[in-house]
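Input: structures, listed below.
There are two complexes below, and they share subunit A, which is joined by subunit B in the first and by subunit C in the second.
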Partner chain A sequence: MKRLKIKKEHYGYFFIAPFIIGFLIFGLYPVVHTLSLSFTNTTLMKMDADFIGLQNFKRLFADKTFLTAVTNTWELWLMNFIPQMAIAMLLAVWFTSTRLKIKGGGIWRMLFYLPNLMMPAAIAALFFSLFSFYGPVNQFLVRNDLQAEAIDYIRSPATMRGLVVFIQWWLWYGQTTIILMAAMTSISVSLYEAALMDGASGWQSFRFVTLPLIKPVMIYVLVTSLVGGMQMYDIPYLLTDGRGSPANSILTSNILMYMRFRSSQGHIGAASAVGVMVFIMTTIVAMLIFFLLREKKTKSEIKA
Partner chain B sequence: MKANYTINTTLLRILIYVILVILLFVTLIPVWMLIVNATRSTLQIQQGISMIPSTHIVENYKILLSKGLDLPRGTLNSLVLAGSITLVTIYFSFLTAYGIVAYEFKGKKFIYNSILVLVMIPMQLSIIGFYHYMVKLGLDDNYLSLILPSIASAGAVFFAKQYLESVVISDLIDAGRIDGASELGIFHRIMVPLAAPGMFTLAIFTFVSAWNNFFTPYVLITTRDKYTLPMLVQTLRGDVYRHEYGAIYLGLAASVVPIIIIYFLFSRYIVGGISMGAVKE
Partner chain C sequence: MKKVSLVISVLFVLGMLLTACAKPVATEAPVVATEAPVVATEAPVAATEAPAEGKTVLNVWSFTNEIQTMAIAFEKTHPDVDVVYTMIPMTNGEYQTKLMATLGTDQVPDVVALEAAFVKSYVESDFLADLSDLMQYADALKVYPFVYEVGTDPAGVVKAYSYQATPGALFYRRSLAKEYFGTDDPAAIQELLGDMDKYTEAAAVVKEKSAGNTYMVASNGDFMNLFYANRAQPWIVDGKLTVDPMVNKMVETVKIFRDNGYEAKATQWQEGWFAGMNDTLVDAEGNAKQIFSYFLPTWGLPYVLAPNAKSADGAHDTTGDWGVINGPMAYQWGGTWLGAMKETKNMDLAKEFVRFCTLDEENLTNWATGVYTNEYLKAIDPEVPEGQSQAAGDFVGSQVVVEKITAGFDNSDLSKFLGGQNSYGGFAAAAPSVNARLMQGSDDAIQRALNDPLNSYLEGTITLDEMWSLWKDAVRNEFPDLIIE
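Up next is the complex of A and B:
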């Protein structure tokens, strides 16, 4: 019986083989290929091209647009992530509090999560339409004398940035709430009872019991949100003209990459360079956060 | 002291309910407006905001058709594509996860840790190299280029492994072996039925994210007949539809409503699924 089992262990390799092969072909190779393209002047017109060393990267760093795009991406992500985490934390504490006994926790949570499933492309197009010059928002504000005349919101950098941040927040706060709630409910009640016995206030038991115990989950949310945020595309692309207008205010690095790719010549080499830089930056930051902040037991806690 | 505490709690509770209701409005109004406006004529939409559905849905649909937006085609494309991606993802992620959970082999820990790290890597940023490579293989403008990469989706394997750890019982595997089943046979006939609820949860997430995915198809697919719904949504922004608000909203609603229906049918699985593996594409 025992021997039978030992003999079969190598079957594990057969089971994971499709994944490994699929990853090498469709995951790893494209990354390597993108990297090698970034050292060439390949365009969509002529597929084979010359090796030009670091030229693409030099041009990229000399180009102010790239810096703008990277800064925008970080700002747009941070401006949505901080309130997202704060509100999700507040909601999760309220819903799990035994003192407050908020009714219908499951239904609230279910409805708050709904936006996360909405197609970002459709939502961006919706907001474009709502905020257009003759759109419902202008109508409402003008008719109720909240605004003297219609404002061209689509051309206002501050409004468009605000909208991108709002839509991203709107899409994700519900999911973050659910994850934080799951982490909080997995904490043993006896820990809170012990804290209460020691005379801890509500804030203290949150600060010294809840927070340290949900830290691994918070790191998980932070890292996945960062990785997603650095690839932000659909919403800023479809909210205005697909070029990060007005005045490059919502130009993200992915939009810049796409613009290089679909420029009149189709500069694949230059577009790859954008992808490579953002890839390296994101991966380093994500890994740093993950390995610096995590504690030893992270993996078993994420499960909870 | 005690009374004070109760009053404070009651006040706090009222405040919380007020905030929750406001939040609920902010959350649902955009979606509701989208659906309502899809049923209103352009004239009605221009006359003012309403939260009550109207009757012009067919009219709006005719305008969409007359402008050349093939909504049924786009829906079918999205269904076929998202459906195939879902099947491939589910099968291969559970296959991989089963290999990791059920067998003890050398290098297993390393592979699993690598998969965990992969979840944190922005693979989408290699899209340009991926596109160039697909052109060389002759797979650009082909759904296969969007389906095949799902064989290796790290996030899905992570989820599948969490799930399988709670359902795989080694006694069942041994029993299968004694009955003379092959290893793959054990996976197909014993494990797949056991893991069905987990597979279903993962299927919903995968389907929704494939349905909503805009960027990858937008880069890879060029023929108009192969456009998926998000790509059609993108064309709604064009000049052809200028001021045809009713039709635009209908086009947007058509891509959002199927997902809302799925959600209300299966929200239990979905909410439970996020808590379990927190899959986020």
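Up next is the complex of A and C:
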């Protein structure tokens, strides 16, 4: 019996080994390596590199570019996340509602999710072409007297930011809808029936039954969207010239990082400094969210 | 010099599919993306063939399939060698990234192709081998000095050579020239557009006589290479960012062109820019607009202008209506260089490959005159893909070869495209005055950084001072070690 027990413990290590090894190689090592690179002036075109302390980080704050990139990243994420959550919630409520009983739920779900399957590169190229100075949007608006003359939309910061927000929203609202629908369908129907018996209106059963019960899922959506949002890269990179133009309006932290990496010398040291800052920022915010989540738990425990 | 930017094609195809608009856009034309704002990615497709047994293997990396043609020709004269050719596109910098990442590892290829935008950073680095002993061949073939100057590092060591020379020229519409200036004779037009002030004056004439329906130039991007090539000092002097007066002059000029409506506000490598080439440019209201001239280099003729001269519906065709002159200033644009990596295990063979491709009279002649047809290449290696070939017309870097073959182009298709003007002869006249001594590895990034602030300034959303400070911020972010005042 004793031997068997030891063997079992032994197996345990084997079972967790793939994750631990994978995490050490692909998770921890890159983070540590990036951190160490960020203190050097390493480039890809030179064999040697020097330790330069916090110089890379000082340079980040020497001008407004980095702060612009961080602000943009936050603004673009928030502007797409809030409507995304609101519309996904509305759709999820409609399609899970036992009162409305909308038919063809599967088909609708597929339609919502469809944009997510498209390649960001193709979408960015498509919108770039639609909104170009000699493009169809200008032709349509001018020929129908909706606009006096052609506008160079690609050079308009407001339009480009709006497009990035719209595309991000359009790509991801389906994903969020599906997750929220899954959360809502897992709520027992008897709870809604009880609410109905007590005379709850549609809004009240949403506010006091649905919302509290899907809160953990909403927090999951929030955290994953936040992590994704802080790394926003492909759409803004591909939509204009890959430098966040016009006027740095869609320059995100990750575009800035890539710009340093792909410069003619391949400044990976300086690029790592941006990566480290994004890492720190995301970690702090994620920890804050978890902290707030734990607060709620203790409160309900106290109540109970 | 086919820098195939599939992206641009994809973009247009998508645009057309969605809108079903009748905008004719060339999609087959391999276009150079050096100046184009990069708008989309394609999956980096690396195509490598398996090495043959019993032969010495030479690994060659490039960003187009152009050099593969020469690699196959090389196997004909060197039957004991198997050239393993790897093509990685550079649409979004995949090639540069991949190459940079292999530097200093045992994955490095033997021979690398280097495009104008990044050749200098490699030449300035320690990764390329010294190829100075090939200079004797360059001297014998009278290679245009700017071609090997680009491949020479600051200490005078030559590390890269090119098979082509890419002097720039000005292409103009003959019918429009007749209409506005009473002549389409290249010599007379050169006289009229001989310097930048004359060019600006002529733009005013074109605008007035066409009642604003003909633009002198399609985009402000057309001007960039022209002015950058004529600076008196490089961007970086003693580690310090320096703005040459010629750059100020460029900003002034593009501002005049924008404010006076001499420029069509198109973007290089985008729909409107191509539409002007086949006379199908229409403004948003549907009024037809025309473009008088395009600044394009040697490769611009066979790869950009000629393939785009016919509209997609075939209704418009500007073939035969073009003339070519040196234009207001001498410049060069683009080009592909070849270098050998220092760590290659086959240094002699790598050198021989570079020599064959760039400094071999027979190869250069075959290359420029259309000898390398698909059938020719298939006879050497039956597995050559369909369509792999080199059409006549690429302008080579050797004056000896150029002088020998120029007359042969009198009746070529490209000369017919230019209304009978010998295209090769025009470039031969422009090439000797080109100078590339100021070229530095950081040029491309520094110049790209100016595009966005410059456009904001042209729109009037920022002042000139704000433009310079935004540009300096952008440069600082890509070159942390640079002194910027």
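One rule holds for everything that comes next: the second predicted complex is superposed on the first by the 281 of 304 C-alpha atoms of A that agree within 3 Å, B and C clash if a C-alpha of one lies under 4 Å from a C-alpha of the other, contacts with A are read in each partner's own complex, and residues count from 1 in each chain.
In this text, a contact is a pair of C-beta atoms (placed from the backbone, for glycine too) under 8 Å apart; a residue touches a chain by one contact, two chains touch by 3 or more.
Predicted, not measured: the structure shown is a model, and the values here were computed from it.
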Original post:
Putting subunit B and subunit C onto subunit A via the overlay, clash or fit?
Top reply: clash
Original post:
Touch check for A:222: first (subunit B), second (subunit C), both, or neither?
Top reply: neither
**OP:** Kindly classify A:257 by the partners it touches after superposition: subunit B alone (first), subunit C alone (second), both, or neither?
**Re:** first
**OP:** Have a look at where A:265 lands relative to subunit B and subunit C in the superposition and call it first, second, both or neither.
**Re:** second
**OP:** With the two complexes superposed on chain A, say which partner A:181 touches: subunit B (first), subunit C (second), both, or neither.
**Re:** first
Subject >> Which of subunit B and subunit C A:136 touches, first, second, both or neither >> reply: both
Original post:
If you stack the two complexes on chain A, which partner ends up touching A:150: first (subunit B), second (subunit C), both, or neither?
Top reply: second
Original post:
Which partner does A:121 contact after superposing on A: first (subunit B), second (subunit C), both, neither?
Top reply: both
**OP:** Look at A:238 in the shared chain and tell me whether it touches subunit B only, subunit C only, both, or neither; answer first, second, both or neither.
**Re:** both
Original post:
Which of the two partners, first being subunit B and second being subunit C, lies in contact with A:18: first, second, both, or neither?
Top reply: first
**OP:** Could you point to the stretch of subunit B, among 152-160, 206-214, 242-250 or 260-268, that collides with subunit C in the superposition?
**Re:** 242-250
**OP:** Kindly list the residues of subunit A that each of subunit B and subunit C touches, one partner per complex.
**Re:** 47, 121-122, 125-126, 128-130, 134, 136, 139, 143, 238
Original post:
In their complex, what parts of subunit C are in touch with subunit A?
Top reply: 7, 10-12, 14-15, 18-19, 21, 23, 37-42, 92-93, 96-97, 100-101, 103-104, 118, 121-122, 125-127, 265-267, 270-272, 275, 281-286, 441-442, 444-445, 448-449, 451-453, 455-456, 459, 461-462, 470, 473-474, 476-481
**OP:** Over in the complex, which subunit A residues touch subunit C? Could you list them?
**Re:** 41, 44-47, 55-56, 59, 62-66, 121-122, 124-126, 128-130, 132-136, 138-139, 141-143, 147, 149-150, 152, 154-155, 238-243, 245-248, 256, 259-260, 262-267, 270
**OP:** Over in the complex, which subunit B residues touch subunit A? Could you list them?
**Re:** 9, 12-13, 16-17, 20, 23-24, 26-28, 30-31, 33-34, 45-46, 48-49, 92-93, 95-96, 98-100, 102-105, 108, 111, 116-133, 135-136, 148-149, 151-152, 157, 162, 174, 177, 183-184, 187, 208, 211-212, 214-215, 219, 229-230, 233-234, 236-237, 243, 245, 248-249, 252, 255-256, 259-260, 262-263, 267, 270-271, 274-276, 278, 280
Original post:
Given the complex with subunit B, which residues does subunit A contribute to the contact?
Top reply: 1, 4-5, 8-16, 18-23, 25-27, 29-37, 42, 47, 87, 91, 94, 99-102, 106, 108-115, 117-123, 125-130, 134, 136, 139-140, 143, 170, 174-175, 178-179, 181-182, 220-221, 223-224, 227-228, 230-231, 233-234, 238, 254, 257-258, 261, 268, 271-272, 275-276, 278-279, 282-283, 286-287, 290, 299, 302-303
